[in-house]
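First up is the structure itself, then whatever we jot down about it.
Letters are used for the chains, namely A, B, C and D, taken in the order the chains are written, and counting of residues starts over at 1 for each.
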Amino acid sequence: MPVSTAEQPTVFAITESELDLNALLAEITLPSSGAAALFTGMVRGVTERGDAHQTLYLEYEAYRPMAEAKMKQVAEEIRQRWPSVQGIAIVQRVGRLYPCTPTVLIACTAAHRDTGVFEAARYGIDRLKEIVPVWKKEVGPDGEAWVEGDYIPRPGE
Amino acid sequence: MKRVKVLLFATLRDYVGAASVEVEIPPQATIRDLEEHLIATYPRLGIVRNSMMAAVNHEFVADEQIIPDGAEVAFFPPVSGG
Amino acid sequence: MPVSTAEQPTVFAITESELDLNALLAEITLPSSGAAALFTGMVRGVTERGDAHQTLYLEYEAYRPMAEAKMKQVAEEIRQRWPSVQGIAIVQRVGRLYPCTPTVLIACTAAHRDTGVFEAARYGIDRLKEIVPVWKKEVGPDGEAWVEGDYIPRPGE
Amino acid sequence: MKRVKVLLFATLRDYVGAASVEVEIPPQATIRDLEEHLIATYPRLGIVRNSMMAAVNHEFVADEQIIPDGAEVAFFPPVSGG
């Protein structure tokens, strides 16, 4: 799990382990941090929007070195847009994940809650879903299928 | 000709039946050339021709990009993580 | 820790224990939940905005039964504004809390991330700071002082 | 006269020197009457006269509210949790 300087901690990782929100929050909390916004995605066992269906589990895979490079890039984009963000954690869990399991975490800390932490975390998950090379196959009662992404990054993005 | 190792992910890996393949390409071959070569060799890839994405050394690249020597090349569908 | 029906879990509590984000998230995750936004506040050891100062620790106290009633009210307000929110957790830790320690958690789950979870969590912490009867005394190198709130709720609010 | 127990928090508790006090008030006394009675008894409370908040049975109430029999009454400064 690469971690940058203690000044402005950035944690980014692809992991097969359970996401530990407590530990990740501690890693990105500075003595001057007073607020954190965290986003987590969980495996839905039941989906109602769009094509309603059930899910037995999701099977995640990543192009690991590129995924970590792109997570680092997402963190840099966050810092450019919200300079008051102090710590950033971006972690994607891979492997076979069952309903209710957290699959991804984006967390940002700052001195105060009104300086963009919520927006930064939202941006982080939106960008992760655009440019971080991770894919999931959905396994349901009627078979399995890869989930299709729809974003085409520009060269160099 | 030069040898390049191509990493494949998700649907593309399923269609090729391997997580990576080694191919011989001309020295000035572009990503598009490599893609056409792969589709010719593994016709099922034609299904996803319009959504195949390419990365060279962990960066998204254009189809016109010439493949550098010793590059890590990967093809994959649009990402669906989170 | 009062918990409502399994259908729409609402967790609200004043506690002296460490906040366990993993456990709280699990409590408010339904099989149909795919997204969670969490806010935590931490004790700042160093404050730069406004009157810059250092903090050794904060001493929190609550008017416990009223605080829990008002947390319940905040949860109800969230559900009225964002009907797609599924689970809600609102927890305030009290007692002596040192820098970097999470003091408060607001978490909301929903099927998808674009249905208001970030806004709901933001609303939750804003409202908690307005109407939930909790106070903190700040102890620093030069002495101690109660932190002053500035919101005056209307009767019945 | 009736007896009412008043809970005090934060600065108000410090100024009174107790977390709760029992006071005798007329049957029709309002929150404002009780507040004046407390300030008369504990003059330091005058410092926060303008920011004293009152709750009856866990609800914020107006100064004109008559205190119901057997009510749980609390006075405190604006909240500062989080």
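List of remarks:
Basically, a residue touches a chain if its C-beta (ideal position, glycine included) is under 8 Å from a C-beta of that chain, and two chains touch if they have at least 3 such contacts.
Predicted model, so just to flag it, every value in this text is computed and none were measured.
Common neighbours of chain B and chain D (chains touching each): not present. Distance between chain centres (mean CA atoms), chain B to chain C: 49 Å.
Put simply, the C-alpha centre of chain A and that of chain B have 26 angstrom between them.
Residue positions 41, 125 of chain A are each in touch with at least two other chains. Interchain contacts link the chains end to end along an open line, per the touch definition above. Each chain pair that touches appears in this list: A-B, A-C, C-D. Interface residues of chain D facing chain C in the complex, by the touch rule stated above, are 7, 9-11, 14, 51, 53, 55, 58-62, 65, 74, 76-82.
On the side of chain A, the complex with chain C involves touching residues 19-22, 25-26, 29-49, 99-100, 102, 109, 111-113, 118, 121-122, 125.
Contact residues on chain C toward chain D in their complex (touch as defined above): 41, 60-63, 65-67, 69-70, 92, 103-104, 125, 128-137, 146-157.
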